[in-house]
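Next come two complexes, and both contain subunit A; in the first it sits with subunit B, in the second with subunit C.
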Partner chain A sequence: MAANENLLEIKNLKKYFPVKAGVFKKTVGHVKAVDDISFAVKNGETLGLVGESGCGKSTTGRTILRLLEATAGEVIFDGKDVLAMDKKELRGIRKEMQIIFQDPYASLNPRMTVADIIGEPLDIHKLVSNKKERNEKVKDILEKVGLGEEYMNRYPHEFSGGQRQRIGVARALAVDPKLIIADEPVSALDVSIQAQVINLLQDLQNEFGLTFLFIAHDLSVVKHISDRVAVMYLGKIVEITDKEKLYEDPLHPYTQSLLSAIPVADPTAKKDRIILEGDVPSPVDPPSGCRFHPRCPKAFDKCSIEEPVFKDYGDGHFAACHLLEE
Partner chain B sequence: MNFLSKEPLVQVKGLKTHFFTEEGVVKAVDGVDFEINPGETLGVVGESGCGKSVTSLSIMGLVESPPGKIVEGEINFQGTDLTKLSQKEMRKIRGNDISMIFQEPMTSLNPVYTIGNQISEAIMLHKKVNKEEAKRQSIEMLEKVGIPLPEQRVNEYPHQLSGGMRQRVMIAMSLSCDPQLLIADEPTTALDVTIQAQILELMNDLKESYGMAIMMITHDLGVIAEVSDRVAVMYAGKVVEYTDVETLFKDPEHPYTWGLMNSIPKLDQTVERLEAIPGSVPSPLNFPSGCKYNNRCPLATDKCREIEPELETISEGHQVRCWHYKELERLKNERAETAKIK
Partner chain C sequence: MFFNNDKKSQVVNIKRGESLWRNAWKKLKRNKVAMIGLIMVVIFIAVAVFAPLIAPYDPNEIDLFSVLKEPSLTHWLGTDYYGRDLFSRIVFGSRISLSVGIIVQVISLTIGTIMGSLAGYYGGKVDMFIMRIVDIVMSFPSLLFTIAIMVALGPSLYNVFIALGVVWWTRTARIVRSEFMRNRERDYVDAARALGNNDFKIMYKHILPNCMAPIIISFTMGIATSIMSEASLSFLGLGAQEPTPSWGSIINNGLQYLRVAPWYSLFPGLAIAYTVLGFNLLGDGLRDALDPKMKEF
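What follows is the complex of A and B.
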């Protein structure tokens, strides 16, 4: 496979959750968590997916893995449509696509030892034939994530948050995947531990040629780890481009205000902050036209009527905003 | 504003708050000293378990006892030692002279009362006003914290508001009695970044108009840089560095402060690799002997492993708890050199 080829392609992906009400649980509306998004992740790159809570970034990750069933669209992984697969094919492809969750406390079974947590995917995918081989493999992986073999027979509660997240990484890595979807992998960790886990993920990427879809709300972390970044707002991708361009020359007003809202760890820095009015609207009844228009400082008439087209404004810098078309 | 007056508003001296649990004594706060001047914002920064929240709860007299107990130290507030007060006397100060806002506004608001009800309660408890006047003042407060349609919102319940709005309600409630000191414990951690910017702006505006002092507790160095006048960096139950905000960010002298600053990714800089602090935050049940940072510190020697350093004044208004802070200069220079080569 050529180095630049897309490992993962998302086409017009939609995920609606029904809102039910009344005695007969009639569907009265839909939460449009992910509403017609398209993007691609190149082989070996890290694509950052950022946005505020409720923008649909986690739902996107889970829909790609079919932990949630998509409402419409296509997920092409390595040339195959994941959404069209039956159970058996899906199990095969899950070996190639793994996930790391945010909460290292909730995502590890408290009754399983570390050896079993990491060994389980090896058993399921029949990657080891006997116990000895399994133990060898678990030991290897633990070493890769910076934990010694003495930890093999311990339980999750005996570990700190950072160590648990290492176990989560080890579990994802065990089956030798091509793509790892990391859903807020460092948000629950202390500042000094965050850097350790980020460095670990980067080292593993270099060593194994992994491709990452890195979902996070922290723009500084995303900037550090990503090659390209996609910004989501209320179920839509509003901008996607190389990280340098995104941070130096953001095109979409939402990206601009998001970047300006981050507190900078430098008391002498004086910056023009764009403070957005109000809250993120409900995805049950999203605003008409451009979804950002009620909070957009630059909105004009057209924004509330017509939805802007998501298009390329040069060198793969995609954005959806009427201002750019003017 | 009486910002220039010499007398500090709060003076915490040698505070030790321990928890006596079945697993042993948890020395959550183990010798903390700092002061807050009137109208000043003191930022308290540290990682989980460093004792920053327990320090604030000790000031508020909200440490659950048992298992918790202030075993040593003084908290002088306007000439009174708060640790000596009875619960009844403390109740007069809490919510009136000192008030507090928390990280998760949903759990600090009562879900079965309207927000007007809850703000009025605080007002009526501390001021001699009737119900109507309290409600009128509640509406006024909601307006001040930027809640749209306050006359209508005052009759709503917490679940009807968004996270940012709830935090505004908490701020309205905490400011309703004109406190001298507002303790804010991670007030924006649960909020989205655009909402965080709104709340921080609001707090800065209110500080100007009310002239109160703020103790801002957070783990986010960005928030610290944004709002603080002075900063106390806490690690393992102690203040390890204490100075004004400009000096702290320009010239951190404690290896932990320096390490913390190097480990966060910055928007305006690109580095290949983050400089992580090795090891993990020690458990308060099992702090290392000597300097509590010695097992993660690049400067640690045998002395550090045996004897704990005192908080030492190294220049006017700059205190550091480290035996080898002078050697940090060398590490800083080395780092600058490697950055230049790259």
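What follows is the complex of A and C.
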């Protein structure tokens, strides 16, 4: 297996939500949640996707899986365009891509036992032929996520948040997928549990050769787990590069300000925090030119007029900023 | 057995989890008023099922020598103007009430759940179309609308089922729709879709079990209302026809003799009140036990 081969390629993906108003529900505008983004996830790596809340990270994840229908663009998974698939093909590809959700309290069906929750994907994709085999497989998977078989006939409300998230991981893992989209899988958990779940995800990645698209807003978590990191702002990807490069030499002013906000566990350390002014603008009517220009400390004339091109500034370090072109 | 050293004979004790239904049942059991309601309902159902064993006389047996008799040891609740034993007629009348209650609710539940789930799950134009039908049906006063249907279909017990079902499914549809709309946004639905479930499975295997609480409550309360509606229709002469012993029609017959034989209308009235009270107490208890707002999932 070629390590550098792209398992997932996103090309010019757009997701607009119509804004409707009035008696006749006329479309008066669009929330541009994801606006023309392109990136790739290599086989076996973890790509972290970070950004503020509401910047379109989760929408990106859900659009890739077609839980939301994209407005435009391509999602190439393993050489095939997921967005162009019909229902039958899509069903097949569902086995290859799975998702772990943020809220472990909402993502498990409260009326189903753990065995049914994990066993269901096995039934759908006909991975087991009888009940005994199904039970064995469920037991196996539970063990892999660190839960005993004694939990099989329990219901989700009998578990803690961390245990529930393990069940969520087990469900995603059941079909033996290639790609897992982890949509803020630890942000709803206690800090001590976060570490456990993250370590679990890393162990499973090593064991099964999984590829992760890891969506998060916590930069320290992303730093720990990712190989490469993409930074999103208001529906656009502003920078994408290797983890080391991003954390040591961020190119985009937005990334710089984000990184300066990471707390350092040293009271004497002097920090130059870049404090951004104002709020994130509305994605219904994003600013002209570079979307970051109203809040950018380094903005100049060109920024409000022309949109910067997202391009390679050496060694796969992509960014979109006019400053870099000078 | 706790000190068994032989490892192979040790069986892992897989504890059965406690489902939310069992939880709700435990809660219901603690609620005294609800349990009284449940007992009342069980008695009512038992009377209806075992009516031939309980009733001392044939409900349609005419005895012209004992017309309009007062309650006595031979006729516990007296007799009507044909000399028929009222107790037996009321006991057999419970069969009519029970069947009306259940059949009407099953009809309205079936139509209402299908329509409501389609409207709530798909939204948009489907929702628009179904909910406008619901609005049209609901814009008429329900008794008036049922009477209109009964007049069109002709008075008979079967037409009562149809008429009440046609009116009642709209309420179930509204409840199911709102539950589906609330649930379809939750992550477990997205998870089910990501696993490759089709729409049908998502709707009826995943979402519907999570909507059962309000459906059960509305079913229980609906039985009481259906029984009342049937009694009203029969009272007006549009429901069950003579000699079928329906509580509503017995009250109507007794009305003419209210001065000389007040028990004639009183006892079937009490029977209706008892049944409706029982179902409503049970329904209230169920609401308390099942209401998701009282217990966070």
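Heads up, the rule we're going with is that the second predicted complex is superposed on the first by the 325 of 326 C-alpha atoms of A that agree within 3 Å, B and C clash if a C-alpha of one lies under 4 Å from a C-alpha of the other, contacts with A are read in each partner's own complex, and residues count from 1 in each chain.
Here is the rule we use: contacts are C-beta pairs under 8 Å (C-beta built on N, C-alpha and C of every residue); 3 or more make two chains touch, one makes a residue touch a chain.
Everything quoted here is computed from the prediction, not taken from an experiment.
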Q.
Both complexes share subunit A, so when I overlay them there, do subunit B and subunit C fit or clash?
A. fit
Q: Have a look at where A:R111 lands relative to subunit B and subunit C in the superposition and call it first, second, both or neither.
A: second
Q: May I ask you to decide whether A:S220 touches subunit B, subunit C, both, or neither, giving the answer as first, second, both or neither?
A: first
Q: Go through the superposed model and pick first if A:E52 touches only subunit B, second if only subunit C, both, or neither.
A: first
(Q) Let me test your reading of the model: by the given contact rule, A:K126 touches which partner, first (subunit B), second (subunit C), both or neither? (A) neither
Q) In the overlay of the two complexes, what angle sits at the CA centre of subunit A between those of subunit B and subunit C, given in steps of 10 degrees? A) 80
(Q) If we overlay the two complexes on their shared chain A, which of subunit B and subunit C does A:K88 touch? Say first, second, both or neither. (A) neither
Q | Superposition-derived minimum Cα distance between subunit C and subunit B (Å) | A | 12
Q) Following superposition on chain A, which residues of subunit A contact subunit B and also contact subunit C? A) none
Q) In their complex, what parts of subunit C are in touch with subunit A? A) 12-20, 186-188, 190-198, 206, 209-210, 297
Q.
Quick check on the complex: what are the subunit A residues that touch subunit B?
A. 52-53, 160, 162-163, 190-196, 198-199, 202, 217, 219-221, 223-225, 247, 257-269, 273, 275-276, 279-280
(Q) So in the complex, the part of subunit B that touches subunit A is made up of which residues? (A) 47-48, 162-165, 192-198, 200-201, 219-226, 228, 245-246, 249-250, 259-261, 263-268, 270-271, 273-278, 280-281, 296
(Q) For a test of understanding, state which residues of subunit A touch subunit C in their complex under the given definition. (A) 62, 65, 67, 87, 91, 94-95, 97-99, 101-103, 105-114, 120-121, 124-125, 149-150, 152-158, 168, 171, 175
